[in-house]
Structure formats: structure tokens, C-alpha cells
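Chain nomenclature is as follows: A, B and C, assigned in order of appearance, with residue numbering initiated at 1 for each chain independently.
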């Protein structure tokens, strides 16, 4: 495959990682909560689309929107009722709770929908190829890339330019200070968690063509999502974007050239990176 | 009730002494040998898992190191025994276990030296990556490790030149695993009641204060991590010897998360939590998982959520207030 | 007296976080057996100063000397071994352990028994005896077997001091020892401090001026990271500048 093609393929994979992981980065940075169930929300997004398209006859884009809304609502509810009780608990309790939650999600999907792999039918306009001038490439991948970049831009603007974003940044850097300045941290957490999980749902649905979709999804990609977040830095939208891009492209290239040892290189790279910079490539020290 | 510093000191000075109920797990294990002679393969697996959970308790329960990569050491031990037997003809069991412990300890020491500078999410990630790295290495080095298929059909010499491995009923393996578990347990018990163990608890409870009393925190953690790795390596080695095979499953996230779940269900930082957790979990799994695998996973998930929210000290934590009331009543009479 | 080498001294000590200077050119002397108070408005850098003395923070410039010996680059653990102990403004205790165990951990570390792996912790008789002595000295005997989490905060503050004493310090840095407890109970803490062995040099950070003027023989006033004034309580009380920036209301009222 030519260089442009390899790059675009990796770019698309990276954008899926970004859309899923960015919420995890913000919620972990904001709440200091080790949320191993995040991939579960992505999976639920994918399954919402499958069911909505099959049984309610919704189109791809409408189903994607529904996945965002439905999963965001569910996540907001879970945050209020369960997650919020564990903010002050240790990592261990959080790990345990979220692993439990993943198991429940996996089992619920297996029982309700079945253990087999699902495919999400792409709309016709995404299935062909598009001529970019210098290269022809799958329209679907280009849509994923465009969505990822657009979301990154929107999130970046939202973070830097809106009051809501300013509050989140303040709370990530110093929660107590933000609270004393009158930020309603509890509500901030719920809304951020809901949006972050909703985005994961979008990533799960939109990226199903790339990452696949079956009940084991949350555990299979857990390490990848965590790596993207850890490398990108907690609570850093731009950091997660570049980390996802890096990992996506690397993984894509390595899987073509070294189908067996490619993943090993990514783990080794992460290990070295985190040892040199425990706060991540783009994270701020001590934040 | 006695009061005052001297009384408290007296209780502190006596807390490491053996209590009568500490004989129960060993009596039960020996009794099971005679009562369930056809289940000893499962029993051996249980004993190996208890040892693995016990090794995790030392770092997670006592030192408070939250790791998702403990299977790295179990796997290192298992592959050491497997590869030595398959390629080097080194199939004497006890020295095999020693080699497993040495390799796992070396990996634990080297990784601990660099990993334990970090904490929280970073540490969690690093332990996960270390394990994934080993898993991928085992997957790639197929000439040595058998790759995805692993190394089947391992054969071992008689234990101490006397007891032949019992391929059919696992009688020898069961008693062998029980003896090894007992020896390792004695070591762990000695450690946790020592000043060293006390200082690990101090690190878990408040690392800032531990620095402020002048304790060499990182050294203590690396030592604990290395010992724990060695014990996990022994568990892995035992697994390979008892079952006669090694494959990638010994190194995975499933095994790491599974042993952590068992330990926490039983009650971490309690020495016997590893026993209670592993036995309860594996027994239930044995009965339920084969018949209703999905319902089993759902049940475990719900259980974990409940434990995290309401019973953070596990089964033993729930039992403690009852035991205390019982002891108080006896003392009062 | 002023010619003798002080037990603890800083020379030109500076610390900056980026552009924010939290310690500026601090020259400070703590004499042997001193009863010295460090006062100043919130955010003056008092706790930062303690962190520089104990080695939690490394200074950007300047020196820390213990008995004339440069310890600027010694890590915290080594300074503890040489006799610098501290308490924390917000209690830093082993919450799940008993009072006795809390103190025993500190004593074991000081006596070099903290790494012993084979002997039971309770079999180190010398550690246990010293622990009992300290627990009783701070009148914590009745609570010795209780966990920290079960104790009222005032009692926890005493444990905080007992742990520091367990390190057999020559210099004791008390960071607001009575912070967070009702004033009706604070006299218990202050009595305990007043009865500490005379040979320990004590630096106390405190906001309650009654306490400061009753306890201290010398007072240093810090304002925005720098030493603003230093002298005997009478000199500080008479210092117009200090009154203007800081003491005013506290003394008049």
C-alpha cells in the first residue's frame, strides 16, 4: 500500500481511538476516577445503533445521534447513583466497581442480543471511494477522519473558549479551588461524564467497521484506551488527539508489516514513554 | 477490658501468635484429599490459585500497590518451568520451582525498580503494559514458547525422587501443591507480622507520613514487590508442573483481574482473604459457570459492584464484627 | 550565645514555582533548645519553609545547615535520621492502625528495626518500651489500642506529636499543632508541647497569638515568602511595622 493510504488508514483508526478515549481522559483527569468501564459505554453505543437500525428502521446518522443521547443519559444516571459514591474511595474500589460494571454490560449484551459479532450497515454514500486529488480512499474512513478532526476542534474550542470549558479546566487543575470559586463541581462531573460517555458511544458506533463490535469489545480494547489516555495526559484534549493519532498510525503500520509483534512495540513504547514522563506526553507536571 | 498503653502493647506483642482457627484451612485441605478423591485436579488448581492470590495480597493488600499485571509473574514462572522442561531437559520439580521463583523475582525486581517510582493511574498502566509485553513476547517467541498453542505434554521427574506425578487423579500434585503453599504461607505470615510488614502497611495507609518518619519507602516497596513476584512465580511453576502444559492464558489480563477479584472478595490485607476468596470464587465458578456462563458473569459483575459499594473489606471483613462479638461474649463470661 | 553554631540554620534560602516566589532569601537561625515561633499571614510561605527544612522540597537557591553541616541536598529520610522531625498542619496518620502501632512504626524506623523481616514486630522489646513511654507521656494510654479513625481530632493531634517524638528529634517543627480542634481543647495540646524535653529545639507555626507569646522565646514574622521581622516577643509586640501589617487587631483585641 502506498504511504498516503497507510497514513489515512492509521489516521482513521486513530480518530476512532480519539473519539472513544477523549471522554475517558477528561473524566479521569477531572474526577480522578479510574474508569475501566469506559469501553463498555462505547460498546453500548454500537449496540444501540444496531438495534435502532434493525428494529426502529433508523438511518445511520440518526442512529448515531440516538446512541450518543441514550448512552449519555444512561451514563449520567449511573454517575449520579453509583459512581458519585466512590469519588473518595481508593483506586482499588474504583477498579473493582468498574470491572464489575463491565461484566454486567457484557453479560447483559450477551443475554439480550447474543454473543456473535455485529455489523452496522453503512449508508450507501459511505461505501464507495472518494477522490481526494492525490489519492482515492474509502469514503467511510474519510468520514471517520473528518468527524474526529471536527470533534477535536469543537472540543478544543469548547474547552478554551466557553465558560463551561474554563470550569472543567479549573476543576482538573485544582478541584478544591474550583469548588471554593463557586463552581458546582457535582453537576460539572455529571454533565462531563455524560458527554464523555456519549462520545465514547459515537466512537463505538462509528468505529464499529474498524474495531468490530461484539460483547467482548470493552475488555479487548481496554488497554488501548488506557494507553491513549496515559500517553496523552489526563484531561488534555489535544494530548489525547495526538496520542490517539500516534498509536492509531503506529498500530496500523505495524500490523501490516509485523502482523505478530506489532502490538508488542506499542506496549514497549508506552512503557518507556510513561517512565520518562509519568504525566504523559502532553500532560502538565503535577497537574 | 484492660486499658492503657501497656495492655495495648501486650496485645501488639501477641498478635502474631497462632490462633486455633488458623489450623482450619489446612485441616480442611487434608480432609478434602480423602473426602473428594476424584476432584483433586480441581483441588490442585484451587491451591495454586490460593498461592497466587496470597502473593498478590502482599503487594496489594499490605503495601497498597494497585497492579493489574500480577499475572506477568505467574506467567514468567509457568513459562520458566515449561521451557526448562521442554528444551533443557530440566524436569526435576523442586529445582524447577526455584528457577521459576528466581526468574519471576528478577523480572519483579527490575520492573519494580523503575515502575514503583510512579503511582495511581500511571502505575496501573505500567503494570498492565509490562504484562502485555511479556504476553506478546511469549506469543512471538514461538520456537521457545510454542506461541499461541503453548507447550503441551510436559513431563516431570518424581518429587524428591520418591513421588510420581499422578496423571489420572492428581493425588501427588495435590499434596505437593499443599506442601508448597504451606511453606510459602509461613513465609508470608512471618513477613506481614514483622516490622517490615508493619512498614508496608504504613506505606499503604499514608505514604507521606512514611517518608516523614524517615522510612526508605521505595526500597521497601521494591523488596515487597520482588518477594511477591517470586511467590507468584512459584504458583505459576506449580501450575505448569501440575497440569503438564503452559499456554498464553497464564499471562493474560483475565488472570490478573481474576486473582485480584478473588482476593478482594475474600478480603485483602488479611492473610486468609486469599484462601476464602479463591475457594469461594472457584467453587461457585465450578458449579455455575459451565452451566450458565453468561449468568455467571452477570452475577460476578453485580457482586463486584456491591462489594465495591458496600463491603469493601470482603467476606472476611463482613465476618469480623461477628467474630469480635463472639470473642467479647466469651471474654465477658 | 549568638556566637555558638545554631542547631538549624538557613542561608539565602529561595524557592520559586515558575514565576511564583514562595521563599525569598530566608536567613534563619534556630538555637539549641529554642522555643521559636514562626508567624505570618496565610500564604506567607510558612509551610513551604518547613518543607524546605525537612527536604520535601528542594530549594532553588541557598543552604540548609544542621549544626553547621550542609544538608541542603540530603533527602528527607536522611534528615530525619539526623534529627529533624515535623508534624503536619492536617494530620497525616495511619488511619486504619492503632495509636500504639502509629507510634511504633516511627520508633521502629528510628531504631533501625523498620526493615526487619523475620522477627515479629511485637518482639522488638526496645521499640515497644519506647512506644509505651511516648504514648503515656502524651496521656494517650487509654486510647493506645484504638484505631486513629475512631479518635476525636484533638486526640489525633497528640498522636501526630507522639510520632514526631518517636523519631527522637533534636529539631521539632510543629506546623499549627492545634489547627482544627476546638479552642476549649487546644490547651491539652499546648500543655503537651510546653512539657516537651528542654533539649529539643522547637519551631512552632501558630496563628493564636496568646499561644505564641506564652510559649515562644523568639519570634520570626514571615510575609510573602521573606523574613519580615525577628526578635523577642517583646520586640515583636513593640514593632510598629509588624503591628501595621499583621498583628494589629490580634494584639489590640
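Throughout what follows, contacts are C-beta pairs under 8 Å (C-beta built on N, C-alpha and C of every residue); 3 or more make two chains touch, one makes a residue touch a chain.
Predicted model, so just to flag it, every value in this text is computed and none were measured.
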Original post:
What kind of graph do the touching chains make: line, ring, star, complete, other?
Top reply: line
Original post:
So which chain is farthest from chain B, going by the mean of the CA atoms in each chain?
Top reply: C
Subject >> Innermost chain by mean C-alpha position >> reply: B
Original post:
How many angstrom between the C-alpha centroids of chain C and chain B?
Top reply: 42
**OP:** Measure off the straight-line distance from the CA centroid of chain A to the CA centroid of chain B, and report it in whole Å.
**Re:** 33
Subject >> Cα-centroid distance, chain A relative to chain C, in whole angstrom >> reply: 47
**OP:** Sort out for me which residues of chain A touch chain B in the complex.
**Re:** 28, 34, 82, 85-86, 89-97, 99-108, 110-111, 115, 219, 222-223, 226-227, 229-230, 234, 260-261, 263-264, 267-268, 270-271, 274-275, 278-279
Original post:
Which bits of chain B are touching chain A when the two form their complex?
Top reply: 60, 66, 68, 114-115, 117-118, 120-122, 124-126, 128-130, 132-133, 136-137, 139-140, 253, 257, 260-261, 264, 268, 294-295, 297-298, 300-309, 312
Subject >> Complex contacts: residues of chain C adjacent to chain B >> reply: 54, 56, 76-81, 85-86, 88, 92-101, 104-106, 108-110, 113-124, 127-128, 131-132, 135-136, 140-142, 144-145, 163, 166-167
**OP:** Show which residues of chain B lie in contact with chain C when the two form their complex.
**Re:** 3-9, 11-16, 190-191, 193-199, 201-202, 205-206, 208-216, 219-220, 223
